[in-house]
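Order of writing sets the chain letters: A, B, C and D. Residues in each chain are counted from 1.
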Amino acid sequence: LDTIFPTAPPIELIPVSEAELAKLDLLFLCLPHGVAAPIAAQAVAAGVRVVDLSADFRIADRDVYEQWYETEHPSPELLAQAVYGLTEFSRSQLGAASLVANPGCYPTSILIALQPVLAAGATTTTIIADAKSGVSGAGRAPRQHTHFVEVASNFSPYKIGRAHRHLPEMEQQLKKWQPAAPPLVFSPHLLPVPRGILATIYITLDSGWDEASVRALYAARYDAEPFVRILPRGELPSLAHANYTNRCILSLTFAGRTLILTSVIDNLIKGAAGQAVQNMNVMFGLDEATGLPV
Amino acid sequence: LDTIFPTAPPIELIPVSEAELAKLDLLFLCLPHGVAAPIAAQAVAAGVRVVDLSADFRIADRDVYEQWYETEHPSPELLAQAVYGLTEFSRSQLGAASLVANPGCYPTSILIALQPVLAAGATTTTIIADAKSGVSGAGRAPRQHTHFVEVASNFSPYKIGRAHRHLPEMEQQLKKWQPAAPPLVFSPHLLPVPRGILATIYITLDSGWDEASVRALYAARYDAEPFVRILPRGELPSLAHANYTNRCILSLTFAGRTLILTSVIDNLIKGAAGQAVQNMNVMFGLDEATGLPV
Amino acid sequence: LDTIFPTAPPIELIPVSEAELAKLDLLFLCLPHGVAAPIAAQAVAAGVRVVDLSADFRIADRDVYEQWYETEHPSPELLAQAVYGLTEFSRSQLGAASLVANPGCYPTSILIALQPVLAAGATTTTIIADAKSGVSGAGRAPRQHTHFVEVASNFSPYKIGRAHRHLPEMEQQLKKWQPAAPPLVFSPHLLPVPRGILATIYITLDSGWDEASVRALYAARYDAEPFVRILPRGELPSLAHANYTNRCILSLTFAGRTLILTSVIDNLIKGAAGQAVQNMNVMFGLDEATGLPV
Amino acid sequence: LDTIFPTAPPIELIPVSEAELAKLDLLFLCLPHGVAAPIAAQAVAAGVRVVDLSADFRIADRDVYEQWYETEHPSPELLAQAVYGLTEFSRSQLGAASLVANPGCYPTSILIALQPVLAAGATTTTIIADAKSGVSGAGRAPRQHTHFVEVASNFSPYKIGRAHRHLPEMEQQLKKWQPAAPPLVFSPHLLPVPRGILATIYITLDSGWDEASVRALYAARYDAEPFVRILPRGELPSLAHANYTNRCILSLTFAGRTLILTSVIDNLIKGAAGQAVQNMNVMFGLDEATGLPV
């Protein structure tokens, strides 16, 4: 670990099998999908609360999970009690949660952007999320497509349309907010940067909405949120607005009846470890920003 | 110039005012808009054919030009004879052209992608072009937003919606191909790479179209083109497919009724100097690929 | 400022002329050389202590300053009281200092690496410092050589040999530590990264020294330092070891009688603002790490 | 291969075992060390001339090879006939060569820089080569240290001093040119760029030499070379001077009695495939620049 984080203070690591679960208040699981669920089950059975950063408990419908992740679900009996930990929308459930499914990085950026307008019932025919992510989103294991020479000075779309595993996770939430939500077109792209996600989202509003009413919706929903910020008209966020923070920064731009939302997060913080800490803070009644750079 | 292109052979530069127009067959103009037009007028008057890389003759409607470029047009009398030099669609006019307006880089990538489906009359409500460009697209003059420290590890949308000067140039062509073309939503973004454009384009087709019929359209239009290539189903281009070449590489992906086109070009070659040479080749009856890496 | 640091909390800025000096305990000056000195003089006259981040008070000899910076020194009368603020070597003077000259970024990385072996009198014929810096070292103003397209995928030496302004600042200190110190050959290079300095330093030791005795020297000098760390044999630092921290990380490698030191710092922190805060902490009797990430 | 070089024309690949050696004039071997030698032996036995890009035949002394590469040499009987293919210094042997060992990338950049002054007998105590290479020098196979996130915004020394496998290859040549050549201190560093090597080389000259006489040496040796260029006084090369070409660009800077040479090449061209073609051209009596961008 010392070589991964050369500037961090040293930390003692032990195998999971040697961990004394009974002594823990909380277990963060940072494991691949399929590997996380059995350990989560063990912890929950031992009365330990869990924040799981894998995909294992994000999708409530076992069949959908098994289709997209091409594996049998290891612990389907836990699905019913898992809370989807998009913190801004889960607070009321987190206090009593035994098992929290920390959201994916793309879903975090896109769902926060879409919720107010979806929940308000603005009808639309298609939602398009054109998302761009830094390379840490592809994991730390070395692969051909994360080799420096393949990525540097390049830019690549991948699994565009309806092909990426984060799609069902997003549609599940969108349908909670608007049962008749239209299908999502989701186009991820690989940016030649280490970290950060910027999603540019297109949604065509029906004629009952204008810029003032939509801005009022977002202000009402997010002005009191510690980690969400709406930029004023004419300003657009870049990765630099959110990297190294737990923030999600949004902009709203209108092009005729099309609302363009841009949303940036740091995929490693608000899109992963930061949101896990944010969830922990709510679960244990701590100040929500404890340990998180604001 | 030796310091700009340290690996190039030396070249003798002279002021435009010392150039003997009468001795030229062709003048390439690589000047800012507003500066190019008067020199183009002088050359045309002297019987010299011109390929102008500025925006001065791209927009046929003088009022539209003056509104978007916020300046009086220096030579509106030449607009009627200017040929819009998107080579693949201008060959019949280039042979006799005295003045060719070389297209902008974004329009080149987006128009080539859209022409077949637009010209075939596929109706749609909105066209969305989410485009990403390398930094050389912003010009060579040093500015704050092109400083290395601002760009590296960052990614920024700018002038999204209906705010970028390339919008009227694109809509002018789209309306030629489909008079009832819907408005274009155009979202440019700045990539932390030196060169290359990748545009991800979303267009919702009416129910008369399916993947087979759309692929047939593109094959019919582009299979014989030396510089346009359609990737097979399931493959997506990255900047590396087109950089350092005069090629435009396209992919077609279907997500329900939404057709997703991705289009890549090198903004400095097919998006500028390469297409200028391609136009010259057609103007003078040369092989269209003369001097261009295939 | 909000656009420079979009993630920082807002800050109110006022012109220097409106600052009420009498109310200040300390003034940090972040101005170009030549501009800083007169304001420092004003502050010192008003009894305000100053940490100056410019080059104006780093060089004790006015003539040397004027030769290298090609300008008349604006406030030579203050040179005698200025303390050179390489914190690890200035603590005894900082407590009473009215004016502290914060060192340059290259000198910080190189001087910390060289001090123990120089002060111990290891004779040598030449010292070579081959240093590589991120682009923020060149300042924020946009210039041709900091344009993203010039820097990305490139790497450039500049002002190598005995031509860079940081040379006299370094030789002044080296001669304090070893009056017969040999001349320094200093070769700066521009790295395509936003921040960080790595210096690779070559010094040939006389036969009285071996690895054990040199390592003992460095351990004795630095083991108690909060911001300096010597890596164990066989480990080498990279920029990632020091970036975003106030640390200087050193390695020692022996190749025959040549000692190779590598030294990394973050040029914006230990090489500038962080060391300024470190100096302030010592000046005011605070814990030296107050406000500084360890 | 189509996915590695998406812009290249398609090429048919066959297994080595199916190649009909008898039909070949020349075999380029681009294989790991240890794997190349047996195939080279087979080809040479079949009368096919070979340019081998591995390390197998670069080091004439079998023991030195086996010590540095930690493997038994597969074909030591061929070592005597192998020609070290640093083209500028091997032309007289290449015409009749059956087996050419294409030099390593670092050695190419450093040896070309050092030869004139070494061969002229300038005595010195140590030679220091501080070299910086792009990531393609580390090979195409994905490894942790070539992962984009490890490399981007970072810069790392590795195997510095007398630890890198290119050291014996370089010292072998230096001793041919000056039997009493001093030991070489060689410090490689990994640059966050895809390609290119820049070596900064320090050599202390004895008092018989000055700038004029050294410049005369280099001019005499290289002015007629098609791929070597000496920059005029005051100019320094960057990677952009040599990338995408077969050139080696040198600068000479004096700092007292220390001569600083900077040398740049493209590690993939002059440091590998380009020099292999250059060697082929000489072997077969072709124009030396055939197929190589000048």
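In the analysis below, contacts are C-beta pairs under 8 Å (C-beta built on N, C-alpha and C of every residue); 3 or more make two chains touch, one makes a residue touch a chain.
Quick caveat: nothing in here was measured; it's all calculated off a predicted structure.
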Fit subunit B to subunit C (C-alpha, same chain sequence): the rotation, rounded to steps of 5 degrees, is 180
In terms of CA centroids, furthest away from subunit B sits chain C
So, in whole Å, the Cα centroid of subunit A is separated from that of subunit D by 48
Whole-angstrom distance, CA centroid of subunit B to CA centroid of subunit D, is 41
Chain centres from averaged Cα atoms put subunit C and subunit D apart, in whole Å, by 37
Residues in subunit B with touches to at least two other chains are numbered 152-153, 192-195, 238, 240, 243
Contact graph of the chains (line, ring, star, complete, other): complete
Residue set of subunit A touching subunit D in the complex reads 135-136, 140, 142-144, 146-153, 192-195
Subunit D partner, complex, touching residues on subunit C are 125-126, 128, 130, 132, 153-158, 160-162, 183, 185, 187, 189, 191-196, 198, 200, 202, 204, 236, 238-240, 243, 253-256, 258, 260, 262
Listed in rising order, the residues of subunit B that touch subunit D in the complex are 6-7, 152-153, 237-238, 240-245, 247, 249
